[in-house]
Amino acid sequence: MSVLLLPILLPVLFGIVLLICPEKWFAKKDTGRKKLCILAATALVLTGLLVVRTLFLKDVGEYYILFYLTRKLPVQFHLDGIGKIFATVISVVWLLAGIFSFEYTKHEHKEKRYYGFYLILYGVLNGLCFAGNLVTFYLFYELMTLVSMPLVLHEQTREALIAGLKYLFYSFAGAYMVLFGLFCLSRFCLSNTLTFGAGGILDPTLVEGHETLLLVTAFLMILGFGVKAGMFPMHAWLTAAHPIAPAPASAVLSGVIVKAGVLGVIRVVYYLFGTQFLRGTWVQYTWLTLALLTVLMGSMMAYLEKGFKKRLAYSTVSQVSYILFGLALMEPAGFTGAVLHSVFHAIIKCALFLTAGAVIYKTGKKNVDDYRGIGKEMPITIWSFTFISLALIGIPPASGFISKWYLAAGALESGIRGFAYAGPVILLISALLTAGYLLPITVRGFLPGADFDYTKLEKKEPSALMTVPLVILAVLAVLLGMFPNGLAQMISRIAAAVM
Amino acid sequence: MNFICNFPCFSIVLCIFGGIISSALKGRAAKYLNAFILAVVAVMSACVLGYTLQTGESFTYVMGRFPAPWGNEIRAGVLEGGMALFFSLIMILSLFAGREKLNEEVDPEKMNLYFIMINLLLSSLLALVYTNDLFTAYVFVEINTISACGLIMIRQTGRTIEAATRYMIMSLLGSGMLLMGICMLYDMTGHLLMENIHANVQILAESGQYHIPLMVTIGMICVGLAIKSALFPFHTWLPDAYGYSTVSSAAILSSLVSKGYIFLLLKIIYRVVGFDVIYGSRVTDILFVFGLAGMIMGSLSAIKENDIRRMIAFSSVAQIGYIYMGFGLGTQVAVVASVFHILSHAATKSLLFISASGLVDASGGSKKFIDLTGSGYRNKIAGVAFSVGALSMVGLPLFSGFISKLLFAQAAVRNSGKMLPTLIVLAISTILNAIYFMKTVIRIYTPVESEYPVIPVKRHKVFGLAMVCFIALNVFLGLCSDLVIRLIETGLSMFA
Amino acid sequence: MGANLLSNYGEAVAMILFGIGFSNLLFQRNLIKKIIGMNIMDTAIYLFLAEKGYIAGRIAPIIIDGDQSVERYINPIPSGLVLTGIVVSVSVTALMLSLTIRLYQRYHTVDLDKISTMLQKEGR
Amino acid sequence: MNPIFLLVVILIPLLGGVLIPFLPFRSRKQFEIYTEVVVIMASALVFLLMLKRPSDPFTLIYFTGDLTISFRMDGLSMVFGGMIAFLWPFATLYAYEYMRHEHNPVGPRHERSFFCFYTMTYGITLGIALAANMLTMYCFYEMLTLITVPLIMYTMSREAILATRKYMYYSLGGAGFAFIGLIFMIVYGNINFQYGGTLNPDLIGNRKNLLLLIYVMAFFGFGVKAAVCPLNSWLPQAGVAPTPVTALLHAVAVVKSGAFAILRLTYFCFGITFLRGTWAQYLVMTAAMITIVYGCSRAVKETHFKRRLAYSTISNLSYILFGATIMTPLGLTAALAHMLFHGIMKITSFFCAGAVICQTGRTYVTQLDGLGKKMPRVFGIFALSSFALMGVPGLCGFISKWYLASAAFESNQVLACFGVGALLISAILTAIYMLTIVIRAFFPKQGFDESSLEGIHDPGLYMLIPLFVFSAVIIYFGIHSVSLLDFLTKVGNGLI
């Protein structure tokens, strides 16, 4: 029990402490900040260790029931492969982004609040990974929305507030679609505690005669979680909310929070409804269509977008829909690809945003066109950026390649008329677009062109607190691509279990 | 022949002589004489009530030595006794409450005239209640009219005289029709005593001859009495008559005079024409429709009214509509409801008029709403009394109004044909009542910023006492309705 | 029907008179005319009663040389009613007239509607 | 316990309240202590009664026939009465501090009279809760309307008076239609509440549609107090009343008694077996759903703090009605659950609004920027209550939503599933209109000057204690509602 509860409660506790303890503790010019950072860092590291510890436990069969909401609704936790994977990725990203932000938030206001919510959010996300049934998942999902909101509107400028509200209302709209499913499913499941069970827990006898209702429900739930995952048509909040947040925050938002949506979809499709109920229904086709649409649209928008962070946000939209596409295929390979991609994308996108953060932090330039010769100014940053972009585009041997390979394979295996071929093609196109909107930055960064005067360049390399996380992430992005087997096998085992 | 059997006759005669004597007396003396007479009458009626209750059957009293079918008879049952008692009580209370006010409004040397009128009015009411002879009824109807006219015009202002004139004209129309009807009945049956007419009418109804004349007669009588008791389309005289006469007059007129006619109509329905015959004819549907119309129109014009007394007057148009609606429903239950409403309305309406006058005095004699603002604080007892009356009118539980509403509605539901219209109109008129009465209540309890020039309310004790009695009566009718209703039922059973 | 009418022409006339009087009392705006209408109405009723009470070929119900046989006299009750009615109507007429006089003294007209409008102007 | 206590528990606050203006209090303290003691005594007695329930009813008055004023304590009464009894002492405590700041037009005694009526309302509401038959409930229902009138127009401002009038007309009018229902129950069944309905099948015959029509009438009649569309415009307007009134009466006592009456009407008079699957059910259910969405959308548009909450009350009340109109035992359970939980949540948020008003005098949402820093406790609790209203799991709002939805799905009616949709739409709207406030309070726009908020701080203990207690309750029932819900399920199945 404690194994699962500690990683949830510990950061939440730290965060609350941070929030309620009076300002003046950290008022002093630099020692105050130091105290704050140290506190946050310890929390992050401790929790990280706790999470990593769960990796070495074998999947626990039984469910830890915390308490009962109603007689039928326990709040319960359990540990399974998916949970482990996501938890680990989250911890890594969180730790690194945290370290990055120690430097970054120097010129931010209300740091105490920032770190407080940052930590609480971390705990909530762990809860999301370890949730044992839909209700628990939903509980943490709502909490996540509420807690991440302060990070979005941290700047408290007008557009920040608006973006925050937009984020909030989109997410709640999605959440309530999920809630509808929650209400509805509780009637049609084997054990109406809505406990996740690999391969679905629908009770065929009860389902008899209510297929339409259930399909509608399934669609609503997918759409609902799709909101967080920025799936078309509910993606508008993402491109508004992610760029506006402080860079580290947007890094975790874009890298991890969206994955919460993905996790939700996985839980719903593979652990509640079960693929055999959904496969071949209009739900699957609509879902595939939406996913592909989003992939294409996202990357195109990113290609057209000039603002750096905004471009990254659009790329998130498209990339996450790769994952959704993979999940929608309902094929082992597709599943594997999807999960792999969500891992890689988490790392990659986090790194990209951190880069953006670093650049903005140092130069203050937000627009891509101003990045000529920036590579000369901050070489380490831009080099890591380059590697990461390669990974995202999917140039072998970097990580993106692996996941996309699986995805394409899955699409071909699935043999769904139309999508089997349309899928890979679209993936390819969007990969090219990805290259189109990422590489120019590097190219212009290092090769500003003949008419560029190198005289007014000066070293702007940020401090180790910023570069180290970047480099680590870059290395990870590449290494995971070179040695993906362990992870891939683990995931395919899960895939076999759920299908 | 028990001695009590003489009481009805005694009370009538007593009142008449009281009237005659007080013509020779000074104002105060007349007042005391009148009070005494009222008290005696009340006691007598109480005795009659008790006696009939005890024996369990009604008795007839032959005037002179001529037996039926020639003689003139008086008949008393539970209902008659009860009515007589109730009327005299209301009259005592109204006069008691309005006494001081009277001294202001009526000049002293005319005071005794006022009490002549009162006595005659009472006598005629008693006669209407007790008599068993149609033509006597007619005569006393006229006496009633005349004395009521006197009560209206006692203040001698232009308004009152005009009102009196209008009143006279309308009621003369009514009594003309009534007289015609009586004569035709006499023509068809050859009798004037109620039982005999009843018997013959039954025969006629069974044999089916003289059908049309019979219907015409019934119609004439009903409409005539309806006019005299201000049923909706014939109510034009009412607001002025009630609105401008002295407070006691208004209270008495609104609560008693019209009720006397209604009671006569009741007797005619039951004891002359016969329940089945009258409801066999569709005449009562006219009453029903007019009643419903009255319930709505009366309230509407009350809402438009800007003068508290006239507003209350209009509301009694609506209430009379209720009563006729009950008659029109044409079931035993409905009639019981109507009779009960006669009582409750009498109690409530006089309460309202008198308390309103109290409020008006506390507001410098102006009857406009705008001036009444906050008068509830200046004359507390009147404010409370008015609120009670208003709530009872709106039909709030624990007050008499609620019970009659309840009875009406139950009766309506039992009569499937007229159910929905009745219920809808009941609900609507409840809302309308609420609108204008509650508006007034809020108004009188709204504090005024500019401190009002409060007139010292001198007649507080008497007034307050009367008010308390009225409230008590109202609540009694509201709570112990079961008793009252059983009385009414037994009385009606004695009728048939 | 026609025969009926002829045989009961008295009642017919009474009814017509009643109608006339009634409508006068109702529709005349002049108070005096109203009063006249009222009297016509009452008279019609007396006529009706008398007609009812009269039996052809008999004498008024006043006992002459001790002959008390019913066949000789007409029905006395309607006559009694008529007398009573006359009394009532006289008193009512008197009252109405007095009211009219008072109104005339105040407003110098006997038109009821005019009087009402004046009162409206007075606003009391 | 002896049934007489059922009467006693109603009389304690009634008499205690009536005495307040007459007792000679030397200091405000004494007066506060006195009132609090009265209220707490009553509440304690209620809880005692709930523990040791008198099995047989207590009859106070016999009206005509079998109509009685009588009290009984069954499951439903326990739920409603228990809620009232729990909330009232805290609300009174809160009112002490609030009323100090409230503008008082008349004088110190005016405040006394406020508490007098406030306490009496408690008794009346208990009367509604403990009523054993429809007549009793109707009586207390009407009284509730009147007794709350002085509370609403406490400030005596023009708009207050207008609001009061509107409230009164709406309620009395609604009662007029409910009255029709009452009559029909008298005639076609009996009025004593009994789970499963008391209609007499052989009386119904071919009148089924008529009775359904009457049910709809009565539903909307009572629905006026429960603010069902389209009869709800009085509720936001009545927000001019002092916050203790708006919070306790217009979020809990009054409006809930409307909902309570509808529950009684549906489950205990007409009976779900008679109503289920008829057009009447679909009609009322649709009305409830429309109201749910309507209220929320109006709340989003509204910028006046209390009025916004009032609109949200409107929609939440219709959650209860929706549960009621599902017409299954589970539906009743859900309705009761939401009745309790919404009571707590809404009174909490209203109290927060009141605290803001009396600390800062700000009444519009747009004026709340940055107050979260100055009044952290109040706004923290407000945030909590808004999360609860949105239905975040782990807070009590979620539980009742869950039950409503599962009841809807159990009932196998398509319309009910759409109802769930309506619930969720209103949930998102709730998120919008509540969280905008929270965000404003905690995250003011950049460059917002704190200096304008100098000297603003959290209110005193009188206000904070209730807030803390309520928020504790919200959380407690959010995470541990099993035992309570078991009880409610028993009630819903008519086992208690």
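In this document, chain identifiers A, B, C and D correspond to the written order of the chains, with residue numbering beginning at 1 in each.
Assume a residue touches a chain if its C-beta (ideal position, glycine included) is under 8 Å from a C-beta of that chain, and two chains touch if they have at least 3 such contacts.
Quantities reported herein were computed from a predicted structural model and do not represent experimental measurements.
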Centrality ranking, top chain (CA atoms only)
D
Outermost chain relative to subunit B, judged by CA means, is A
Please work out the Cα centroid separation of subunit B and subunit D, and write it as a whole number of Å.
44
In whole angstrom, the CA-centroid distance of subunit B from subunit C equals 28
Measure off the straight-line distance from the CA centroid of subunit C to the CA centroid of subunit D, and report it in whole Å.
68
How are the chains arranged in terms of who touches whom: line, ring, star, complete or other?
line
Kindly provide every pair of chains that touch.
A-D, B-C, B-D
Mind pulling up the subunit C residues that touch subunit B in the complex?
18, 21-22, 25-26, 31, 34, 38, 41-42, 45, 48-49, 52, 77-78, 81, 84-85, 88, 91-92, 95-96, 99-100, 102-103, 106-107, 112, 115-116, 118-119, 122, 124
Tell me, which parts of subunit A touch subunit D in their complex?
67-71, 73, 75, 135, 138-139, 142-143, 146, 149-150, 153, 155-158, 160-161, 164-165, 168-169, 172-173, 176-177, 179-180, 183-184, 186-187, 213
Of all residues in subunit D, which touch subunit B in the complex?
61-65, 67, 105-106, 135, 138-139, 142-143, 146, 149-150, 153, 156, 161, 164-165, 168-169, 172-173, 175-177, 179-180, 183-184, 186-187
Spell out the part of subunit B that touches subunit C in their complex, as residue ranges.
70, 135, 138-139, 142, 145-146, 149, 153, 157-159, 161-162, 164-166, 168-169, 172-173, 176-177, 179-180, 183, 186-187, 192
Subunit D - residues contacting subunit A, complex:
387, 390-394, 398-399, 401-403, 405-406, 408-410, 417, 420-421, 424-425, 427-428, 431-432, 435-436, 439, 443-446, 478-482, 485-486
